[in-house]
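Chain nomenclature is as follows: A, B and C, assigned in order of appearance, with residue numbering initiated at 1 for each chain independently.
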Amino acid sequence: MPGDASRSAAAVWAILRKECRSEWRTRWGLNAALLFSVTTLTAVSFAVGRMPDRSDVLSALLWIVLLFASLASLAHAFVREVEGHTLSVLRLVASPTEIALGKLLFNLVFLLVLEIVTVPLFLTLMGAPPPRWGAFTSVLLLGTVGLAAAGTLIGALIAQTRSRGALFAAVSLPLLLPVLAAAVSGTRAQWAGGAIDAQVRMLASYALGVIAVSLMLYDHLWEE
Amino acid sequence: MSVAAAPLAVCALSLEARSLAHRYGSRRALERIDFTLEGNGVTAVTGPNGSGKSTLLRIIAGLLRPSEGEARLAVHGRTLCAGERRLGVGLAAPEMAFYEELSVEENLRFAAEARALSGAAARVATALQRVGLTARADDRVAALSSGMQQRLRVAFAILHAPPLLLLDEPGGHLDDEGRAAIERVIAEHAQSGHVLLATNDEREWRLAGRRIPLRGRGLGDPS
Amino acid sequence: MIARALLFVWIACAITAGFLWAPLVPVLGETTRVFYFHFPAALVTCLALGWSMVHSVLYLRSRDLVHDDHAAAAAELGLLFCVAATVSGSMWAKAMWGAYWNWDPRETSIFFLMLIYGAYLALRASIEDPVRRARLAAIYSSIAFVAVPFLVFVVPRIYFSLHPDPLINARGKPDMDWRIMVSAGAMLVGFTALFFWMLTLRVRVGRLARRLEDEAA
């Protein structure tokens, strides 16, 4: 028999593949999120025009677009299970922690796909290529992990309330704000040519902290 | 953790409910109950609508944390902890739905892979054949009739050859041929494990060697 | 009854002392008086948040709904003190800094606390079943516990604060007249007692409501 760890890894991997396949078949989650962020982007770009030399505005706008895309899409992974009445089946085949980790990975992949489309578009429309791609990408990636980690846990909570999706933005915002603050500050520093060590450390420790505490809490997620 | 793959023939199983009760808020869903099941066989849980048959099965399956008491499940003399429970039981209940955008086969494949079962493809094929759903394996779940979905639930429950099979209203929506298939599944499983049926249908509880009547008030008392 | 009357007299005396007995700080002038409300309210806000989070963790461990009552009541009262601290601080900021709101790091952190309290209570309000509500709220509270140090201590480090250090200055010595410190300390004791008195009331109400439901069922 495989050991517990490889067993759990198999479950997480199976859930991730199931999520991707379901999403690929229906595509409305990804389509809605892509349309949403492209619309926001166009509106923002149209309203402020090209401003390659305003790094403070640029970094704030970029992360507001990403934050809103996350708020609009991260709760989806769990809400879909509850609304389709498939949560019982899922809970019978995997432990709460395996389910939550599978969903976390899926949300991460989801956000990355979103960013592959959104971020280049943003940089082009604003006419501001980042001076240091390494610094820019590391802040972007760590920020994404932070958003996905906090969003996944709150999404699992929200899916069990009466209002489901409607409450997600309000309840997850306090947990996403540290990510927003550090990521905006890091992105701005990167454009301005300053050091980003402090922001990278903060993003990494926040993401790690949220994931570590989540691992202790996942077991309590579903009991009915 | 060899529970799921243990050969059924040697499964010594015992299920013990000790002052088990459940309530949702102030509404009693399951009146206090004590019972013990041991060895192979078929047992039926009966009682009026709202007496807590489904609630009892969900507690035993580990999906619901009871408000009072506990339901202990032991296989080979070893008590399964909360995390192992889902490996030792197979549940088919009417409120369970499958992923509509995936096919019947993909749904079961997913269940087998998430449980890290060996030989997933063969297990899926056998389970489908036992409930008579082989011909519809490649259809999307969204296209299944309610009777077909009920067969899929039973296939899902027996997929990992659990020592304890929990069937909630197993004959619901089924035609005669479907009922015959489910009765065969129950009879075969009773040779090597235990089947717990929740039903008020006489055709079904007649299959059982023992009945556990629930005393719940059902619809008799609106509170 | 006597305890309640004592608490009333105590807070009244502390307010009187702050207004009539304690001297004014030179630069701050009459706005010194805000301190006697602002400082204890802000500290009790943090105390209430901590109380709520500790009881959330205790609930997840023990599954005793009394802990949930504590967590919920502390959060409700915490929001009340948080609003008091924010409003009093904002009035002081208008007088000293020229605007009610400046996104000063201290203002930012208390705003975050208010958001967390608000989100916690909004989450609670949207779940009907008491057991589920207790469990999900406790999970939220535990995860918010990770965010609080970042919001309150780390994020403001990135910015520069104009907020006066409460009691200890840069040299590590009290920089205030002892009469100011006595008055503020008395107010802190009064506010803390007020918080715990209201907390026990809420917890008792919660327990009685549950017993009433039990008997009805």
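Basically, a contact is a pair of C-beta atoms (placed from the backbone, for glycine too) under 8 Å apart; a residue touches a chain by one contact, two chains touch by 3 or more.
Treat the numbers as computed from the prediction; the structure is a model and nothing was measured.
S.K.: Work through the pairs of chains, note which ones touch, and then classify the graph as line, ring, star, complete or other.
M.R.: Shape of the chain contacts: complete, all pairs touching.
S.K.: Counting only C-alpha atoms to place each centre, which chain is farthest from subunit A?
M.R.: Relative to subunit A, the chain whose C-alpha centre sits farthest away is B.
S.K.: Counting only Cα atoms for the centres, state how far subunit B is from subunit C in Å.
M.R.: 50
S.K.: Based only on mean CA positions, could you tell me how far subunit A sits from subunit B in angstrom?
M.R.: So the centroids are 37 Å from each other.
S.K.: Distance between subunit A and subunit C based on Cα centroids, please, to the nearest Å.
M.R.: Here the centre of subunit C sits 32 Å away from the centre of subunit A.
S.K.: Residue numbers in subunit C touching 2 or more other chains?
M.R.: 128-129, 131
S.K.: Which subunit A residues touch at least two other chains?
M.R.: If we look for residues of subunit A contacting two or more partner chains, we find 223-224.
S.K.: In the complex formed with subunit A, which residues of subunit B make contact?
M.R.: 1-2, 5, 61, 63-65, 83, 86, 91, 93, 95-102, 106-107, 110-111, 113-116, 156
S.K.: Touching residues of subunit A toward subunit B in the complex: what are they?
M.R.: 1-2, 4, 6-7, 10-11, 13-15, 17-18, 21-22, 25-26, 84-86, 88-89, 91-95, 98, 222-224
S.K.: How about subunit B: which of its residues touch subunit C in the complex?
M.R.: 23-28, 67, 223
S.K.: State the interface residues of subunit A toward subunit C in the complex, per the touch definition above.
M.R.: So the residues of subunit A touching subunit C come out as 150, 153-154, 157-158, 160-163, 167, 170-175, 177-178, 181-182, 185, 198-199, 202, 206, 209-210, 213-214, 216-217, 220-221, 223-224.
S.K.: Under the stated contact criterion, what part of subunit C meets subunit A in this complex?
M.R.: It comes out as residues 60, 112, 115-116, 118-119, 122-123, 126-129, 131-132, 135-136, 138-140, 142-147, 150-151, 154-155, 158.
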